[in-house]
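Both complexes shown next keep chain A, but they swap its partner, so chain B is in the first and chain C is in the second.
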Partner chain A sequence: MIPRADTAAGRLLRAPRAIFGVAVILLIAACALGADWLMLFDTEDMDFDSLLVAASWLHPLGTDQLGRDTLSRLILGSQVAIEVSLGAVGLGVALGVPLGLAAVTLGGWIDDVIMRVMDAVVVFPSLLVAVALAAAMGNSLGTVVLAIGVANVPWLARLTRSQALAVRSLDYVAAAEVAGTTPVKLMLRHILPNSLAPLIVQSTLGMGYAVLTEAALGFIGVGVQPPTPTWGNMLQQAFPLLDRQPILSIAPGVAIFLLVLAFNLVGDALRDALDPRMGPR
Partner chain B sequence: MANSNAFRRRTLVKSAVLGAGSTVLLARHGRAAADKPQYGGKLRVAYQLAPGALDPVVGRSGGDAYYWRQFCDQLVDADPALKPRAETSLAESWDVSDPKSVTLKLRKGVLFHDGTPFDAAAVKFNIERLLDPATKATPRAAFTAVESVEAVDEHLVRFRLKRPWGSVLSTLADRGGAMNSPTAVKALGADYAFKPVSTGPFKVAEFVSGSHVRFVRNEKYWGRDGDGNPLPYLDEIVMNIMADPTVQVSALKAGDTDLVYLPVRDVGGFLDNPKYNVETFQGGGVVFTLSFNQAKPPMDNQNLRLAVAHAINPEAIVKAVHFGRAIVAKGGMWPTGSWAYDPTVARPSYNVAKAKALLAAGGKPGGFEMDALMWPSEVNTPTAEIVRAQLGAIGIKLNLKVAEVTVATEKFYYGQEAPLFLTSWSRYPEPDWNASLIYRSDGYYNAGKVKNAALDALIDEGAATVDLEKRKVIYRKVDEIVLGEALMVPEIYGITYAAAAKHVMGLDQVFGWDAKMYLHRMWLKKV
Partner chain C sequence: MWRYARRRLLQLVPSLLLITMMVFALMHAIPGDPARMMVGAGEALDEAQLAVVRREYNLDRPVVIQYGLWLGRVLSGDLGRSAVSQRRVSEELRLRAGVTFQLGLFAWLIGALIAIPAGIVSAVFRGRLPDTVATLVAVGAVALPGFWVGIMLILLFGVRLGWLPTQGYVALAENPLDSLRHMLLPAIALGITSAALVMRQMRSALLEVLEQDYIRTARAKGLARWPVVLGHAVRNAFLPVITVMGLEIGRIFAGSVVVETLFGIPGMGRLMVQAVFQHDFAIVQGSVLVIATAVLAVNFATDMLYAVIDPRIRYDT
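And now, the complex of A and B:
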């Protein structure tokens, strides 16, 4: 019998949904990293003699309206999906966590200003922010990452603040404070590490949300522009042809679904695994 | 007067053909006897664009004509080839033989919808209103040859000209030739923009912004069909604004609308469906053209421009993007179905070897990198992707700069931000409109404002010539220079499709010369 290591990682890897989620994420990440070796066709290779063909040995997911291999485009599209999810959440964490910690540490009117600004950002739906940014700065991967990342900031800042406030009232923090620990050290050494669990969960769920938002932006035509394939813009181009060649819409749709599902399952499992009250099961 | 007679002869021949049109349609669909038009009923039409204004003179949207054509007549009406057609015009005849004047003999007994008589004074009022800068009339630039307007008698009106005006008849067939009631214009002021009063077969009954426009029958309409029956047949038309073509097609299938434009991807399915009729207009517009800025490197180099043009295979684009339902553009900016169309002029056709040789001749044997502006749409985006791939094949790396249509247009023609623009062009069958705007050295759409003396001279000559055969020769020469030096290379003409439920009759006459809908003679067969 395998010893039941009662660590967070151990708990996580015993949950089937987490195993599935991690496997999907690793698979898609591997596609993104190894795209150059995995793609059988250049994504700009057009074969005008085989437009909109169904699945075959040569084209396992068929070809699109311009005779391009759907599987190769899907693989290259995974790069954008992974880049956007990491980039947007990375930006959200990089701005949101320090803002939340600063609000707790500095308190008073600074706390108020920071949190009211965060409230103001939340008022604008992230899609709307993204459309406005794309109009102002042009459509590029950077704009999409920025738009989705900015939308993540308030949620992470709020979560950081509420966690840090809760942890700060604990006895060991008071003890450290009495022992003369500087506020910055107190925050980084004692409060932040003990507030991390919900942030990790929120970030993981945020990655799923980022993938979905990128796809939505691509679908309405303001995301990363063709000829760079993204799952969103592939879906946009395929959708009017739904009744003619359904696999063209189904392929990117399923890819988006799987990656978003994977991030959500992993996030969900992480929440359970990181919860100290859960204990051994 | 000789010219005018020539027009009249042609119109008579044409009207005979039109008269037979409905029979042709019926024969095509296997009915035995020609149906006699039935009166009454409400036609529901779905259309993509809301009107910029209902007053034809002040509206600025390309979609305006769908509305004003239903409740206006023009001084000079034109057939689908843009040849003048007297029997549907407000002028019974015209004399354009004098280069210093144009004389129109007006139809008698015509009333505006408010009862104001249509006469020479009304025409004078309309043209003077249009020329007044305060009106901000959209077609004003096309009327600058007019010095003054004179009401010779009640039904004879004369335009005094500053210079010869070759495109006068085509120009009067567009916005500027639609007549507005002087009484209503004076009474309503700025409100007139959405409460127009004209002479046409329908009257505007209701306008709900963003939703629909409702027209009702003009009981006092002067027009008659070929058998002498009064027009129009319909009691009512409702034009519903539906921005998404997919939604329009769904509405037609659901029976919520009677008549729509059909996206090319759906045409096959409708042609096979016995519940609908489909009407085709060959050459809806220039759906894809290469527009160059001749002043902006590397497209200031004629060899490199030609290399780009020769590297592009429009047949591949027709097949992939338009599902085979489009036409390779062989007549430059004068599209199929217009009198100026001439497919025998040489165009830079697809030839990779030649493209590579031209690259070498242009000093860039290995290719180069450049920006191209484009605006995204279901058609433009895949077209741009193909162009990028085809140019890539001869070593030209194209960086696509994407912006919304008005922004991209402004960036290219005004901002001079890119050497190449991948765009489309509305159907303008009167060649002077395009020639003086795109090719003349001072034309707005001559992005680089590059002067070509030979072209300017030809364009001025064309603008001053009235005889269509002579004009055709002149505009062929214009095309030889434009396509030969690759100033602008139109690649594809669209085909426009309209689909209607089977009981909608008169579909064979639904397209005007601008491929826009013209509902004057539609009727509904009672089932």
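And now, the complex of A and C:
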């Protein structure tokens, strides 16, 4: 069933950029889920008779210096990209939203402390935190998710706080409060659901940013390690071969670009679709 | 103005303290014997020698005392010694901070010089060809990994055309022209995302101002379009642009970690990456602390600039 044109979902699915974005995300998510069926070659299969071969029907994106099929590695790399984007944003939401709500509900000095700590965390660029955390905790998917997720927390906490503050001052919340609703129920039942729209937008944009950060980490050799392919570590391994096999450097970059672009386009379209000023809900 | 500045300055103190606590905690989250870490993984020391190290770095005292002593040393400019080179961390960072600063400034300037005019043109020609092109380029640029743009620039201008050097660094004072030639590609790679974001902010802020009554009044009394845009509108649209440009400094610092590694530039970013692989924790700790403090300082400067440009802020908060 196609949603009606005047609902948020209807507006979203009628925007061409959103359709493009959703299609790309679904395609890459399908690659990640169905990697085992989609890959023509095992990504650890080395073929020393076909090192650095050019694109062909057998190897649409050629092979790398160990004779591994680039397209298959690219497909498998989508798994880490999707895992990192979901994990990092999930962690950011799981910590940031309760912190923002707690700041509003409890108020007073607790609000001050939470927000000051958030202000201090913001000062650490996420890429830097990730590099330092990797130094401290070792290279793994968990470290990458933790580092990018932690960097998301202050933004989501601030956004939740400002949204909840704005919603709390509305008449219907005052009415519920007068009717004797407990603070926790007030927050979860009345304030949070009406503060969600900007959080959804921010989360979508955060997923794109997580993909970019993972790629940068992979390129400097921090994070998920080879032989598990990630788009970032593929770029690292391809760089010394830039003059001989440029497609090895081009393909992962294009994949990163498409996924990030898709997340950003969907985020922008969501922002417009969820804006109540755009029409009746 | 001064009262506002003093209050904001006082607010920096708890922020700085929190930053030092986080940096300190980060290094204490590392599993393993901190004494062994201090001397470097490669050194073979017996228990007695490790005990000396522990005493020297106060590792045998409670964590809170350790933090206090460490903070005292940091405040006097002592960030410890590199486990690899055995030189002072402050000395290692000082040598490289200038390189990173020069690269970052260059990236930031290139970004601003492209983004601000592009944003103005885009807003003035809203919905027409220049706007469409600029907006598409900006939407695309935000989704590009900056370092990958760097790889593509190396492929095009270094490998294929051979026009520009793709590795290394030349000090500006040594040979200005050669220095700029070395800096151009890394600066573009480092600044492209920021440029796209600044352009979008400039466009949307200017569009909002252009709808104001006083702009219509200025046009109605016969002033030409560009003097109105440049003389009245841009000035008033600049506030959110300054915020974004300030925030972008943090992104540029972080990006330098990757871009310096890519282009073989001996700055703080590359030093930090090397330190991570050599388990040289004093260097990692020192660089994170310096960069976080620098970002905090830039945020403060942005706030001050705000108050100078917009007098309402001084009284408002």
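Some notes on this structure:
By our rule, the second predicted complex is superposed on the first by the 275 of 281 C-alpha atoms of A that agree within 3 Å, B and C clash if a C-alpha of one lies under 4 Å from a C-alpha of the other, contacts with A are read in each partner's own complex, and residues count from 1 in each chain.
Going forward, a residue touches a chain if its C-beta (ideal position, glycine included) is under 8 Å from a C-beta of that chain, and two chains touch if they have at least 3 such contacts.
Fair warning: this is a prediction, and the values are worked out from it, not measured in the lab.
Of the two partner chains, chain B is the only one that A:L66 touches; chain C does not reach it.
In the superposition on chain A, A:L26 makes contact with neither chain B nor chain C. When the two structures are aligned on the shared chain, A:G221 is found in touch with chain B and with chain C. When the shared chain is aligned, no partner comes close enough to touch A:A94: not chain B, not chain C.
In the superposed pair of complexes, A:V260 makes contact with chain C only, with no contact to chain B.
Contacts of A:A120 after superposition: chain C is touched, whereas chain B is not reached. Once the two complexes are laid over each other on the shared chain, residue contacts for A:L188 go to neither chain B nor chain C. Of the two partners chain B and chain C, more residues of chain A are touched by C. Looking at the shared chain after the overlay, A:L170 reaches neither chain B nor chain C. The residues of chain A shared by its contacts with chain B and with chain C are 135, 221.
Interface residues of chain C facing chain A in the complex, by the touch rule stated above, are 14-15, 18-19, 22, 26-27, 29-31, 139-140, 142-145, 147-148, 151-152, 154-155, 159, 250-251, 253-255, 257-258, 261-262, 272-273, 275-277, 279, 281, 284-285, 288, 291-292, 295-296, 299. Residue ranges on chain A touching chain B, taken from their complex, read 44-46, 48, 51, 65-67, 135, 138-139, 221, 225-227, 237, 240-241, 244.
The residues of chain A lying in touch with chain C in their complex are 116-117, 119-121, 123-129, 131-137, 208, 212, 215-216, 219-222, 235, 239, 242-243, 246, 249-250, 253, 256-257, 260-261, 264-265.
Taken in their complex, chain B has these residues touching chain A: 246, 263, 265, 316, 319-321, 376, 378, 381-382, 384-386, 388-389, 392, 400-404.
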